[in-house]
Amino acid sequence: MIFFYLVSSLIFASALLINRNALINKLLVLGFLVLQISYTVFTFMHQNVVEATYFMPDALAVLMTVTLTIIAIPTLLHRYDYMYKEQDTPNNQGLYYGAMVIFVMALTAGYLASYIAVTWIFVEITTLSASVLIFHRRNAGSIEATWKYIFVCSISLVFVFIGILLLSLAMGDQYGAGMQYNTLIRLAPSFNPFWLKLAFIFIFTGYTVKLGLIPMYTAGIDAKDKAPTPAAALFSSVLMNLGFVGIFRMYLITAHSSILGWVNTIILITALLSVFIATVYMMKVKNIKRMLAYSSIEHMGIVMIGIGVGGIGYYAAILQLILHSFMKSSLFLQVGHLYKTFKSKEIFAMGNYFKYNTSGGIFLLLAFFGITAIPPSGLFISEFYIIIALVKAHALIILIPLLSLLTIITWAYGKNMFKILFIPSMNFDKTGIEKSNPYETLSHYLLLALVVYLGFFPPTTFVALIQTTIHSLPI
Amino acid sequence: MTTILLIVFIISLLYFAIANRLMTYVKILALQGILLFGVALIELIEINVLNLIFILFETIVVKTIAIPLFMRYIIKKNKITREAEPYVSYFASLISITLIIIATFMIANYIHDTHLNKIYFIAALSALFSGLYFISTRRKIITHVICYVVIENGVFILSLAVGHNMPMLVNLGILLDVFVSIFLLGIFVNKVGDVIDEGDVTQLSKIKD
Amino acid sequence: MPIIEIKHKSILLIITELFIVIFSSIFTIQALTGNTTRILLVGTIVTGVVPIVTDPLAAWFILIINFTFFTGAIYGVNYMKAFHAQKAQLSLHWISYLLTHICLLAVCVVQNMLVFLLVWEIMAISSFVMVIFESEKPKTIKAGINYLIQSHIGVLILTIAFGWVYIKSGSFLFDAIRIFAHTVSASESFGLMLLFFTGFAFKSGFIPFHTWLPYAHPAAPAHVSGVMSGVLIKIGIYGILRMLFLLPTNYVAIGVVILVVSVITGIYGVMLAIVQHNLKTLLAYHSIENIGIIGIGIGVGCLGIGSENFPMAVIGFAGALLHTLNHSLFKSLLFYGAGNVYQATHSVNIESFGGLIKRMPHTAFLFLIASLAICGLPPFNGFISEFLIYSGLISGWIHGSFIYVFMSVFGVFGLSVIGGLAILCFTKAFGTIFLGTPRHTFDHEIHESNCMALIPMYVIATLIVAIGIFPFYFVQALWLPIQQFTGSMPNENMLAVLTSLNVVQQIGIASLYFIALAGVVWFIRKQLTKDRVITYNETWGCGYVAPNPKMQYTASSFVRTYRKLAESILQFHKYKKEIKGIFPNEAFQTILPLDRIETYLINAPLKRIRYWLNRFSFLQNGSLQFYILYGLLFIMVLITIPFIGHFYHFMVHLLNTF
Amino acid sequence: MIIASLFISGIIVQTKSITSGRKGPGIMQPMKDIVKLLKKGSVYSKTTSWIFQLAPTIYFSSILMAMSMLPLGGSRGLFSFNGDFVFFAYILATGKFFNIISALDTGSSFEGMGASREALFSMLAEPAFFILMGSLALLTGFTSFDAIFQSLHFGSYITYALGIIATFILLMLTMIENSRMPVDDPKTHLELTMIHEAMILDNSGFDLGLIFQATNLKFVLYGMLIVNMFIGNLPLYTTIPLFFVIQMAFGISIGLIESFIARYRMGHNAQFVLILSSLSLLILFSVLLISNKFNS
């Protein structure tokens, strides 16, 4: 089935590449969506069934795949609403959609991969397809962003590869067993801690480029800034999830070995520093997309703090991850509407959005509360759990800085958001603002509602999936 | 025998540190390719033939011939000045590369592993770190690509070290190497080259906060 | 709501309000007559069971909330007529108004920590949306964000507190707090209580957590400020009371803490209030002062419980609760008065007013009543509650050990100073706004606001007078809520309590007598002076023949003597241009008071933080080399750290060998 | 007591004039003034409103009210309940409030000045009164005027000391409340130095009469407090003459003070007033000392 999926999505991609007709283009996209949805359902049905020896949809994979599919639908469809559609040649359209399809496909496969090296391959593929998306505008800025993104990603992926090699060294005599995640977890207690540590360092450092932590978060910011908003929505949500999957699977391996304490320390320090960096730039940036990108960094920092502190933090981390994906992708989609209204990404050029696009304005208002984890946002629940975990672990040295940084971030967010929403901007001509009809905002509202719903009324299957994901971890 | 080759490889890194012309870099790359070929030949002689041929092809054709030629072509095409123009003086780079190598030796000193010949580890890590070091101290974009290839060589060595256990990893490494190098260079030739006449990286640092 | 016409919108609003009020009041009345309503909602996996309990304490607050919100709605509908242009924003405003009301009610009745936080925060943000209604002014947005952030900090503190309880007890129910108190040590539960107090203090604006208040209130529309300062900050008081009730802790210690903080709050608030020139800011600072008075009441109650002094506890809590009601009444009345003045003159600067009593007599009359009430003067309601607190303090003063006497003296001292200063402040406010001659000529005609605005104000005013004259009934209504706190106490001397509460009846009679007396004297005066010749003339200017409005005493000159005294404590910015030379050229002097606590506690640290954060902004410097370098350094550091340890051991070994 | 009030200021004036070696006007002179004023018609400023006309009435009646709360000897006041001295203080404050705003109503700068000073000083004076009464309450254990005065008996010498200090404080409070020397000089002719007198510049006729009468009543009011402190619960027929005697002494003493103390600078007044508070605190702690509460 996975082969069918991969092959057919490749076919779709290539068809999109060669096709020049807008209608067929639409149809192909819809077709791919159908494929994606059906395959998601399939994985959901056949959990923990090994496919083609290299793939196995375990709980984490299923969670991530469902998230991806839900987000992929609006991101692929909303493309048609954005103002810069007319300046696209059919050629670009085709390239864009082909890359989109490959990207989604690679993400799905990356989640599902049950071999550490296979995950790595698909991460590489996401990098390449992502770079096509970033390059979509073909101006100096996008070239620079693309170049940086590719380069930093390639270097990081080299790190990951080295990590994998070191891991194979860590296995010692048992290399015959193969580098399947379950096998690695099983064998982890007998690993050589020296090699394991080295391997973790390299793999962690490598995957931070996708997850968006220090040290390698840097290129991702530019990518999210320069990519078209739907692509950026994917970058800042599901792509980060892929990075998380990579790190989390490695974490699971280390969790069964003797070096867990050391790993947790590293993760906590890194995560807190990431939140700090995010704060520094949230105060500073004047570009809405970059601001959102930094806020993703902040959220990933919180997630990793949850992982590092353990206990109920594991549950909270995964919850936070998923909710953040929905929240952030919907925000990025809304940014597309903002760009449509104000023809600019600079915050000082925007203003009084509430007046020009009421539905969008209300969404932005609610989304502000959603993203800053102010109840009724579901993120509040996950952060609440993380705070509890920190208090329980007596980690006040983490808790207090974290909370103060979060407060500053909330303030910065509020400052910019309400500038956009209410304060009219100087020398902005109100002529030629096309009214965006409310249905375009509908999907954003749905995603927002999903965040609240999953936060406060999580369905039992959802909770069960998260529980099974973390069941093997020491509570 | 492999030890000697690898030591030569490490020395080539030192030479890389003090070399001041782009062409020299390219030559060093070719040299490293040959060295890797030798190492691979000796190390992996016993694995199956097809795989071996594949690896040798990679080392000889890609690393030794194709990439260096490609580089020369780019340098010619974009009329990049021949000088390397690093940020830090050659002497300083020499010192730091030496330090890196010593550090890797020290690290290797802590390894008690029967499966690994330490010299591989040393060569690989020093190649990695010095490659990173070069990237962050050289000004030209083309040098970044060259240094990336150096890093790739290091990775290749490491994969050779574990190669007899898991050939799959070696092949993967090779695939990555080929794929990414081609990709990077392709972009470079097509896009970056024409927007940026003189391949100075300062022109690629517009986006910042 | 956006579809509906404005007119219908307001009607719809009123109807909804009415519905909410009636619906919630049913339970309230039941609760106050003794039978508490308990409903158990099945929550979700996350929250767990959600008990909805309407006990007397909640009921009392619900009554206050309902009254204030209802009158506020009626007043607001009329006030908002000026803003009919921006339809969408208006409907958003009214939706959030209703939301705030509902959430306030929910906060009172919900007994599940998580849901409590949820509704609490929804209330905060919806009230925030109300505050930023006039959003075209950047100042408004600034004030709104300030408010939002500070209340968020409060929520974070509460979150930590609740999380603490959750860890210990593993349940989100409020009863878990009680269990918590039994399981852990006294000091720990005291710490928890302090956390709660701090968290709620942010909302109710105790010093030093008050700094959002003087910005948010003036920024909001009049009815919103009335509602906010009437009930929204009281909800913090509710939280404190609820936690005191749930968390049996060292009552003496917490009482002392609350009392001291409250006295400081009260004095500081009124001291700053006097020197304000923006009417609404002045009123906002007075809210802080009144919170202080309420807090004194609570402190007295706690001390009473702590010292097993039953009358003291009862009277203290009674005073606190009654003052909560009273303050919500006269403060909303004052804000509505301010709103009328603002709509008539489009200004809130006291210095620019004068002689408004001739233009808007009704507003002036209502404002006068409210001012008398807020100064705690008989025969109005403010006096009753302050009197209760006084007598509570004195009863603690008479029977009780040294610490109680000391605290009570402190309290009495504070309360009397607050009273005096309040009189100074409101003579200033009323005098300069409504009396004398206009100090500033407005380019438009000033006229009394219409009856729709005045009706709710008159309703409030009548209630104020009613409480002043027939306080006993209201105090009776308080009996059950108080017993929630004191029920556990041995109350053998019930008689003393009842007498001490009956006192208020005599006060009522005395007030009546006073009014009658005044009436009689007035009547006599009328009789005697009706055939006298009454001539009208200029004010006597000490022989000066050409008096003009500039000659009269302004607000700032009125409080100059005071300011000289207070300058040591408070902080002022003076911009002055003295008159020089023989021929006086133009000269001015403007004094704007600063909140010293704010300067030192909020602004300075913020500035430092910003500066400090900016020093790290070199990281994303756009050059690829650095990005790679970060990775290199990261790995290097992680690898070398263990080796440093090894190296250290090696050196130690080396040194030992020699 | 009303009767006494009629003479009190006369007595004061008399004493002053005697001490300053003049032959003062008869004791009845102030009475005559007031009666004359009550007969007069009145002149109102154009700027004033109904506040201005209402205020004197309320001022007057507030003082009557306060007076009706004081006990005299055995006979308790019309109203007496626990903590009625709070009511006492606040009802006076009500009167003062109206007095002040009526002054502001005229829009004259002098009256504003007077009003501001009046408000400030009486505000500062309040704590002193409260703490004094409180400490008396602490001494006796009761919280209403008559109960306090009933059970107030000077046992030991220290209580006598207390009594004396308390008397002094009350005396000074009287001076402040009625804005006499040394805080204020009613007989000055420079408005800038007036407090109380400045406030009533524009009142005339009946109102002025009311205010004067109210002022006199106020003297008596504080006089009565002092009186009550010394005469415990004696039967009425003894208290009445005793009362008059003490009132007389009170008036004379005020006269003496006025004639021998110079008026303070306005700046100093605040300190002077605050001194009273500290004094009353002194009383409080000495009371604490007596009813040894420290060790508990």
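Note that the chains are named A, B, C and D in the order they appear, and that numbering of residues resets to 1 at the start of each chain.
The criterion applied here is as follows: a contact is a pair of C-beta atoms (placed from the backbone, for glycine too) under 8 Å apart; a residue touches a chain by one contact, two chains touch by 3 or more.
As the structure is a prediction and not an experimental result, all values here were calculated from the model.
Counting C-beta pairs in contact, the pair that comes out ahead of the other among A-C and C-D is C-D. Chain geometry summary: the mean Cα position of chain A and that of chain C are 43 Å apart.
Centre to centre, using the average C-alpha position, chain C and chain D are separated by 36 Å.
Remark: chain A and chain B have CA centroids separated by 32 Å (rounded to whole angstrom).
With each centre defined as the average position of its C-alpha atoms, the distance from chain A to chain D rounds to 78 Å.
Residue positions 110, 132, 135, 144, 204-207, 209 of chain B each touch two or more of the other chains.
Shared interface positions of chain A, i.e. residues touching 2 or more other chains, are given as 147-148, 151, 155, 221, 281, 284. The multi-chain contact residues of chain D, meaning those touching 2 or more other chains, do not exist; every residue touches at most one other chain.
Chains touching one another, given as pairs, are A-B, A-C, B-C, C-D. On the side of chain C, the complex with chain A involves touching residues 2, 44-47, 86, 88-89, 92, 114, 117-118, 120-122, 125, 129, 132, 135-136, 138, 141, 144-145, 148-149, 152-153, 155-156, 159-160, 163-164, 166-167, 609-610, 613-614, 616-617, 619-620, 624, 626-628, 630-631, 633-635, 638-639, 642. Interface of chain D with chain C (complex): residues 38, 40-49, 51, 54, 57-58, 60-62, 64-65, 68-69, 78-79, 81-83, 86-87, 89-91, 93-94, 96-97, 100-101, 104-113, 115-117, 119-120, 122-124, 126-127, 129-131, 134, 137-138, 141, 143, 191, 201-202, 205-207, 210, 266-267, 270, 277, 281, 284, 288, 293-296. Of all residues in chain A, only 147-148, 151-152, 155-156, 159, 197-198, 201-202, 205, 214-216, 218-219, 221, 266, 276-277, 279-281, 283-284, 352, 354-355, 358, 362, 365, 369, 374-376, 380-381, 384, 387-388, 391-392, 399, 403, 406-408, 410-411, 414-415, 418-419, 421-424, 455-458, 460, 463 touch chain C in the complex they form.
Of all residues in chain C, those touching chain D in their complex are 354-355, 357-358, 368, 372, 375-378, 383, 386-387, 390-391, 394-395, 397-398, 401-402, 405, 408-409, 412-413, 416-417, 419-421, 423-424, 426-427, 430-432, 434-437, 499-500, 503, 506-507, 509-510, 513-514, 517-518, 520-522, 525, 528-529, 532-542, 547, 549, 551-553, 557-562, 564-565. On the side of chain B, the complex with chain A involves touching residues 110-111, 113, 115-116, 124, 128, 132, 135, 141, 144, 148, 151-152, 155, 158-159, 161-162, 165-166, 168-169, 172-173, 176, 179-180, 183-184, 187, 191-192, 195, 204-207, 209.
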